[in-house]
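What follows is a pair of complexes built around chain A, which joins chain B in one and chain C in the other.
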Partner chain A sequence: MKSGERSFIWVCTLPALLLAAVFVFYPFAQALLMSFYSWSGISDEKVFIGLDNFRTMLGDEIVWKALKNNLFLLLTVPVLTMGLAVLFSVLLTRKKLKERNFYRTVFFFPNVLALVVISILWSFIYHPTFGIVNSLLNAVGLEQWTHAWLGEQGTVMWALVFPMVWQAVGYYMIIYIAAIEGIPTDLYEVAHLEGASEWQQFRLITLPLIWTVMRVTLILFLINVFNQSFTYVNVMTAGGPDNGSQILMTYMYGQGFANGNFGYAMAIGVLMLGITIALSLLSELLTKRETIQY
Partner chain B sequence: MKTKAWSNWPVRILLLIYSVIVIYPLFWTVTTSFKTTNEFYDNPWSLPTSFSIANYVNAFEKANIGSYFFNSIVVTIGALAICITISFMAAYVITRYDTRWLRGLRKLYMLALFFPIAFKIVPLFMLLNQLHLLDNRFGLILVYAATSIPFTVFLMIGFLSTISKDYEEAAMIDGCSRYGILFRIILPMAQSGLITVVIFNFMSYWNEYIMALSFITTEGKRTLTLGIAYLMEVQRYATDWGALFAALVIVMVPTLLLYSLLQRKITSGLNMGGLKG
Partner chain C sequence: MVRKARLPYDVEERHKEGKVGVTMKHPLVKWSSRLGLTVLAVGLAAGCGSKAPEQNGSTGAAAGDGKFTNKQLKVAVFEGGYGKAYWEEVVKKFEADYPGVKVEMTSNPKIMDVVKPQLVAGNPPDVIYAPESEPSGTVRSLISDKAIMDLTDVFESKALDKDVPLKDVITDGLLEYTKPYGDGKIYYAPLYVTTQGMWYNKTLFEQKGWKVPETWDEFLALGETAKKEGRSLYAYQGTSPGYNESILWPAIASVSGMEQIDKITNYEEGSFKNENVRKVLNIFEQISQKGYLMPGTVALNHTQAQTEFLKGKALFITNGNWFEGEMKDAPREEGFQYGFMAPPVFAKGEQKYTMTGFESMYIPKKSKNPDLAKEFIKYMYKEDNVKLNSEKSTGIVAVKNGAEYAKEFVPKSVYDSVKIFDQGVKPLNFQWKVTPKTEVKIQEEVFQPISSVMNKNMTVDQWVERVEKAFGKLRDVLAKSGQ
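And now, the complex of A and B:
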């Protein structure tokens, strides 16, 4: 390789690599390492305590509660979001509605809003006295169904699910629409001639052919749910009532920044990382099918 | 085919209901931002009787939205400039030159796509503290830029690999330097891809919350998202919601505007490999 070429390669790759090394890879490695230490963060006093942080974690009730809440979100949000996204994308591609571009545009709206804005918006939707949900229930005479949605143990987690679904549906819908539009139309024509119903066409043509795209989106979505749920919980409930909506991320955050237990916080972080990896692998396995190409 | 048209109505009604679910909260926010506090408490559902801009004046004068807005713009533009420049250069070299360590680099960035952000918040906080970049807008710019490098490189590789090598070879023969090729030939050709990554990164910087919350403490340095989250806390006790709704509209407008202007670009970019929210 010519030396000019070599220096060109270095000049081009080094700035990005340096920045990523300092602010992405180093903190990542540091987080892994710190989970084995007891460290308040402010002083320089770090004590290696091996797996003690993880042992504490096993006995920490709130960790288990948070883990349960995390898993609840990871299960419900993707199922509802992807279900609706697939439904809408099929309806918008198969039914040639005149106004389909209107729906496409509108459904994508929430995706460009800041999560903080969405969280504040939904806090008002759920507001006990003047929120949209309770006002609607009162208007149709179902007063007994009204709740302080974000303030009750029984409703708070479901109340968090809907804004998350609301935010993400349009995004996945757009991706699935593109995937469906990539399917050759003659497949549907033949199926139609053979007398296949809409449902059969969906099950035998659409679904198998967009399956690969769905798998990829599922894995990325799981990671997104993990990342984004922090903002929703932080703004809408702050983990309350009585840790009822605590998730691992908000608990980790509180342990780190409010209580100064940096080592313990990172051990919780490692648990989160482990779950993310496990989930990615699991969803790979569960959705594994022969890739079909017609 | 008359019956066919009729059979579309159940579908249409379903889609319309969902449209209302999406639009109504946004519509409500905008109308409420023009209402006085008394009007709001009288009936939170009514339309404003007059379009009072008092809430917007309040948002700027009392709630300091102007300076949050300025901070958001500074941080977003700074991070965009850094991230796009260095990611573009790196992505170009990774696509065009085939060495073992460049292939490794590419894999490293792919891997980093999967790092959960929250995982690195605590060590990043301490790192910034050591570098004296805590509670510092430049520190936030660096962190934002670095965090989106893997994603930006990943997308840029996708775009750059569609550009034919012939142009570069021709330019090389004409005596153009490598840097000349990169900035005067490839850069203009990659424009459409660059716009796409600019939009995506703009959205994620403008809307970012976790890192701003963790690394910015001074009131005057808050970005918009951080500002409205605090405003929400304050208004909860002051029960004067008007300024908060005005602030919400102020945060929403730039992204909604960008989306309506560049809708096609955004949705097609999404499918070019931007499978990331």
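And now, the complex of A and C:
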């Protein structure tokens, strides 16, 4: 590489590197450092306490409850979202529906709304007395099925899953539609002539050929679910009832800002960092697989 | 021994009204002071100092004579249910009375989020007014970090408009609760006092000929009566179960005495695992098991629950005396009238209690202009400013006769809520013992389980075990720090 070329590359990457250093690496390092201190977050008095914050974390049941809830969301939301997105995209491309453009717009619409708006909207949908869910159940005579959806431990996590899926499904549907439209139609024609059923066509043609796209979106979405769940939980339940929907982010926020226990909050942050790193390693692993082409 | 403000809980909900504030510093207070508070709140205190001459001019002149070299004052005001109208007026007055002084007043519903970076940068405001329960936790952190200034000299010095020390102007007994560190020094300047208890619809009770329950048996008996009417017995602020403290602590105090409350605030082993405490917790379990809770309560936030109550869905709800002001725009049952009562007792004749609280002003230790800040705080207690305050904020100011000064400006329910202290009810001030930083939020450990009990996911025994476990952790934290 010529030296001119080298310096050109440096000049191009330097701004990004600097920005990342200031806004990403430095806060990370700070957070990691703070997790070894006892600090209220507003004073200049910081006491080094070694691994005490992490020891506390091991004995703190709420952390584990929150982690469990995080994993629940990481498992259910992507599976449901991806599943529905694939289903819708196949229906909208393979079935020549007249209203396909209408559906495309409608399904995508939630994606342009702010998360806070969605959370408030769904809080009303779930409202125990005048929410549409309970009203519908009452209207069709299923009173015994009504719940205080966001107020009961048994329903609250699922009640959080639906708005998250509803918000994201349109976005991924659009991506999959693009991917499916990129598949040469003659493949389907041949399959059709050979007598392959719709399901076989989907399983043997569509799915393998959009798999690359799905892999990438899955990783993006895992990270998204991890980060966005804070907004939903914070607005809709604030972690309640009785920590029933507590997740690591809301708990960290509560410890750091409402409980004046900043060092401990940072220790929880380090745990979250670990999870995020695990997720990106997972992505690394998944994307390494061989791409299928016909 | 360090005593501090209560730990955080449902801050988010409660601060919105801005009227919740700090529950008074608790224990070791002599009865006399508790009684005193009572008397004073109702305005029976002797010697109404209302004849003190107006002397704006004179103090102003004295102050203007170069007493204060630094004439810049930064004031940060929490803009909650009491609004900011009072502060805007009083700042103007202060500047007029102290020529040359420039007050930079910032008010915001999230004022401590504004103040926080200033604190970190070592450039805080000189005076802060914000309830201890504000959601950013900054006020609590200031207190636990001991980053607020000793104000004892302010209260020992002569009041600006009376010939007595300022401490004699303040509500009797209240200053006992402004000494968080057990060193006998005053760190909070109390501004507003509140009362928290149970509410019902007076009109409804009169129409139906129902008696306001004296005992818990009578209370629970109303549950069936309510059911026949298609109503529920009880509602609370669902997602903020901490509001139930205004029932729990008074009920425990009534059946077990203030000694029991003292033991609990000190996290004593077995203080929660106690027959009398269990008896009180059983009330909640019965409300749950017998279906007396307003349907959906667990999922409602404070405004939603309170609106349902006003519409007549439940006979009783717990709240502070900011209730009427807070809900002034909410729809309600026809003829609704706010009725305030102390929580019932187990046996007729037991001492009744009702919770009280106050909100304070603080001077950060790193204030650049503490002298003028102290003068500003003293200025708040001048009689004409107290009246101005009640008029603009509709709050009861923490001075002797405060309720009487406020009477013409505050809703009747607010006045009624302090009047019960005139009828043999004793005020109860509940304050957890301050601990070093810990992950345990004791207020949540005590009150969050109410959601679980109401959802029938938890028994009273499990509730007791959970609180005792949290007490154990806190005792360990205290032992470790050598307290």
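To be clear about the criterion, the second predicted complex is superposed on the first by the 260 of 294 C-alpha atoms of A that agree within 3 Å, B and C clash if a C-alpha of one lies under 4 Å from a C-alpha of the other, contacts with A are read in each partner's own complex, and residues count from 1 in each chain.
We take it that a contact is a pair of C-beta atoms (placed from the backbone, for glycine too) under 8 Å apart; a residue touches a chain by one contact, two chains touch by 3 or more.
The structure displayed is predicted, hence computed values, not measured ones.
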Chain B versus chain C as contact partner of A:237, first or second or both or neither: second
Touching partner for A:224 - first (chain B), second (chain C), both, neither: first
Partner chain in contact with A:183 - chain B first, chain C second, else both or neither: neither
First, second, both or neither for A:80, with chain B first and chain C second: neither
Residue contacts with chain A in the superposition, chain B compared against chain C: B
Contacts of A:196 with chain B and chain C, given as first, second, both or neither: neither
Partner chain in contact with A:137 - chain B first, chain C second, else both or neither: neither
First, second, both or neither for A:257, with chain B first and chain C second: both
Chain A positions touched by chain B in one structure and by chain C in the second: 41, 257
Sites on chain C touched by chain A in the complex: 7-8, 11-12, 116, 119-120, 122, 135-138, 140-142, 144-145, 147, 238-239, 295-300, 304, 308, 313, 436-439, 441, 448-449, 451-452, 455, 457-458
Complex interface listing, chain A residues touching chain C: 38, 40-45, 56-57, 60, 62, 126-129, 148-154, 237-238, 240-244, 254-255, 257-261, 263-264
Interfacial residue positions of chain B with respect to chain A in the complex: 8, 11-12, 14-15, 18-19, 21-26, 28-29, 44-45, 82, 85-87, 89-90, 92-94, 97, 99, 102, 105, 108-109, 112, 114-127, 142-143, 145-147, 149-150, 153, 178-179, 182, 203, 206-207, 209-210, 213-214, 224-225, 228-229, 232, 244, 248, 251-252, 255-256, 258-260, 263, 266-267, 270-271, 275-277
Interfacial residue positions of chain A with respect to chain B in the complex: 1, 4-5, 8-9, 11-13, 15-17, 19-20, 22-28, 30-31, 34, 41, 84, 88, 91-92, 95, 97, 102-117, 120-125, 130, 132, 135, 166, 168, 170-171, 174-175, 178, 216-217, 220-221, 223-224, 226-228, 230-231, 234-235, 249, 252-253, 256-257, 262, 265-266, 269, 272-273, 276, 280
